[in-house]
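Two complexes are shown next, each including chain A; its partner changes from chain B in the first to chain C in the second.
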Partner chain A sequence: MIRGGEMNEDAWLKIKWVKNVPNYLQLQSPHPPPAVGARRQSATYIPQAWGRPRDDVYGAYDPSYMQTNGPNQHTQSPIVTGTSVLGMKFKEGVVIAADNLASYGSLARFTDVKRLRTFAESSVVGFGGDVSDMQYLDRHLTELAIDEAYASSTTTNSAQPTLNARNLHKYLQKLLYRRRSKFDPLWNSLLVAGLDESGAPFLAAADLLGTAFSSPSLATGFGSMLAQPIMRRLVPDEASVASVTREQAVECVRECMKVLFYRDARSLDSYSLAIVTKDGVELHQNEKLENQSWAFADRIKGYGTQTV
Partner chain B sequence: MFRNNYDNDSVTLIFQVEYAAEAVKQGSVVVGIVSKTHAVLVAIKRNAEELSSYQKKLFAVDEHVGLAIAGLTSDARVLSNFMKQQCLSERLTFDRAMPLETLVSLISDKAQLNTQHYGKRPYGVGLLVAGVDDSGPHLFEFQPSGLTQEMLACAIGARSQMARTYLEKNLDKFPDCGRDELIRHGLRALKETLVQDRELTVENTSVGVVGPKEPGKRPLEAFKVHDGADVKDWINSIADDAEAGGDGMQVDE
Partner chain C sequence: MTSIGTGYDLANSIFSPDGRNFQVEYAVKAVENGGTSVGIRCKDGVVLAVEKVITSKLLKPGANKRIATVDKNLGVVYSGMVPDGHHFVDRARDEARGWRETFKTPISTSDLASRMGGYLQAYTLYQSVRPFGITAIIGGFDSELETPVDGEVGSGPSVGAGGKVEGKHGGPGLYMIEPSGMYWGYYGAATGKGRQAAKAELEKLNLSENKLDLMQGIKEAARIIYVAQQDNKDKEFELEMSWISGADGPTKGRHMEVPKDLLEAAERLAKKAISEDDEEDEEDDDEKNDDKMEE
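This part shows the complex of A and B:
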């Protein structure tokens, strides 16, 4: 900007300089907005493209900027996955269930994968999400259980296990949170079932972000939408747990597993179910859904190739 | 005959560790006792001079653990801070009170390492670590060498042998003692160590105790150090009782 006075040679140079401003400093974008009425390219159904700069605004991505020797990215998303885990408290304990399927995308790849794991013969962990991360956690928990067994074997009173379900849940939550903070999350959602330090039923969830919460009934994944409302009919709040018998809880959970098999395309009719009480863990690994009724199926509309 | 400079009477063969053990004996006496329900620490505090304040002897580590020190206070501070951090981290990662045995083995390893590396020195302090965890009340003795032992009752520091004699004599009574009775036993053991014309006062006596709020129930009355006026009643309650009579002599009425 030139203020007042006559134009000397210096000022003239400045104007020339302004005129020579390179392209990238110009206010006008080299990529003009699309013409009115042009179809916006941003609505895409490819998840990889979500949240990325729009090609129609910024031009196509130049892959020559890409580092060829970057960090491993195959651990940054789940590959082989397990679906929902369900859990429900009752008067004397907790019941927890998960089906035996490990899916590879939409392919039902492994049909005999057990997703419930006992800990110290007093708690059960149910794993949803990535199966390889589940296997990592499984080995990790085995190690932890051995360390704890050594620590408690020398104490005079080893009647009660040193890590109860509450301790275990808190530990897993911190582990998950630490991994997500390393930007290398363990891609799971967990339920931990067992008894707390006072012998009361304990049920809590933790997920890949380290988020943790507790409720008289819990479900991960699709189960949180399909099964949770059914379970809440039986145990709407903490107070109602005391009036629920073991049989009622088990029946309700089995019924929910059936609903999930009806409506969750990544589920299986073979499942595992564990019951934790003060007497220990009862783990059934090869349960089958019984009395299925698909009568509702032909009334479902709006999916697939039908035109109605 | 040729004689070398090695001291063959030395138990550990490391003089520095022996000297550190001596430092513990220079500290004023502390006593710890456990019953089936409670853990108690009592201590005699010393003042550098008549007009100065008294050096603290008991410290709370966590809600469920406390410790008593005999020896170099500044070294105890290092160990105490370490233990506080470990207890907090256990509460953060596991949501539980750290088991005492685990806690003590951590400082044991830490102290032992100092006896093994050049340029390092042992901690010049002995500790009594007392508390209540999931498996009940515990008392541990810690020595600068890294040696730790679980004890039913223990005394360390100057003239602590007198207190130990009292504890050995009354050992059978401790398990079934209530909170206050256990404290009184501790104070009587302390009293044994006193030299002529010295006595327990509200100024020089500390009492630390942890145990359940109600008998047999879980909510814990957190480890608390009682000083000054708080210990008056306990001291008065053991004034002139026969049980504290030097060599166990019965005094005729």
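This part shows the complex of A and C:
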């Protein structure tokens, strides 16, 4: 806006202060008054200038110092991480497992981290990937589950949770996709285990890109290469789920956890295992791998300094 | 009401010369017309019950719940103006959510009572608002277990202080908040139309001895609602009850509706109890009552 002959407010302030400046104002300035006979070098009696570096001492203000280098950056890589999560459907429910390790790079940093979380007393989410993002999701989903319980208690008479595993998985997938679209992903790969709205076993995966898929057996991380083929022997397709018992499924997942501990350098022999059925969630958080046999180890070739 | 017409009852922010806030006292009157609410603090949990007056035959039985859950482990029931109660519950849920956001742990019964007491009190201070027309009963069970904070991973250091308080903690809590914002903790609380009769019955239970358990509590709460309703027999009502136990109790630390079979059993016993009372009191009234109960 051009204001022709008018004086703008700043100019008015300056003139008023310069013309009528009382002596005591100079005493309130943060800088000592100029020595007798010295030339006054800056207008420190202007209140706007108080507390700022003096131009005559430090030079004119250079705003380029306040600029950050380059654009804002979001997470570029996970920091503290959990490894594979395994899940498998059986006739009446789903079994899911993950070890209790949180690694910091290749350092086995935390050995009692529970990566299976129960929500709405009826679903279990297994978290692989960044542990702090897991904590964020845990709190977020806890709040979601409470809010959903409020909503269902006022609209329905039944105790059936509206937040079943299918809803939970869909929600997570949308959330992960939204975050990756903001270029600020939640660095996790998840398995969601539970029952769907009809009470049938439900198992599905979602990852940091928002990719989602479902299968009678699933594994994230290294498990997708090492454990998935073993689990597929038991449940090759959706039709075979009906013939798998709970014992078979649990046995198979435990066996896969052992294979992972043998072969995955970021894994641990202490793990959590949850079984979800219509009776609720059975969560064991301090399982130990039994009957390990490292007899094969001395036949492994091709690492380190060996020259065969 | 001698105060009417003196001008001191026109707004919240004006005291009468003898130190009363008439708007608050009128709010209490609104509460005194509402269906009776009862809360009983048992040794292993809390029972909440309300006499839900049926205002229309067109309302679906069992719908339009009057007892609300806050977080997972708290229940709220109230007598008075139902929309005010809904707002109270909304605010309580907000407080509980905010508490979790800050402290990563569920709000305790006493802390929620304190927050809501403060909220109601603020509605007695300003000309622009009116006090809440409800008296609310908050029941809860603070977990007695060593619970992790939300999102916690790992168990922390296995040696050293860790800031934990040793010894028993948690347990059942029951608070009643009045329109003035005043709240006390109670062994047994009653409000609404039948509060006098209900309080008399609650006193007979000797709740301070801490002997009554939840199963007995359900029966007593149902009976008390029926006793309190006696003076107001012409109105139809539904009994709504909820309960909260510890982690090893029937609700596993959550606030829940009392299951249908238990509720019906308690109602049968309650009807039986009051019809026996009637026999003792007045012989001629008796048959009429029984007919009504059979319906």
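Just so we're on the same page, the second predicted complex is superposed on the first by the 233 of 308 C-alpha atoms of A that agree within 3 Å, B and C clash if a C-alpha of one lies under 4 Å from a C-alpha of the other, contacts with A are read in each partner's own complex, and residues count from 1 in each chain.
Rule of thumb we're sticking to: a contact is a pair of C-beta atoms (placed from the backbone, for glycine too) under 8 Å apart; a residue touches a chain by one contact, two chains touch by 3 or more.
Please read these numbers as outputs of a predicted model, since none were measured by experiment.
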Contacts of A:Tyr262 with chain B and chain C, given as first, second, both or neither: neither
First (chain B), second (chain C), both or neither touched by A:Ala151: first
Chain B versus chain C as contact partner of A:Val113, first or second or both or neither: second
Partner chain(s) touched by A:Leu163 [first = chain B, second = chain C, both, neither]: first
Chain B versus chain C as contact partner of A:Glu143, first or second or both or neither: second
Contact residues of chain A, present in both the chain B and the chain C interface: 154, 157
For the chain B and chain A complex, residues of the former touching the latter: 92-96, 99, 101-102, 134-136, 218
List of chain C residues in touch with chain A within their complex: 62-63, 65, 68-69, 71-72, 93, 96-97, 100, 104, 150-155, 256-257
Complex contacts: residues of chain A adjacent to chain B: 151-152, 154-158, 160, 162-164, 166-167, 170-171, 174, 197-198
Residue ranges of chain A touching chain C (in the complex, touch as defined): 102, 110, 112-114, 131, 134-136, 138-139, 142-143, 146, 149-150, 153-154, 157, 159
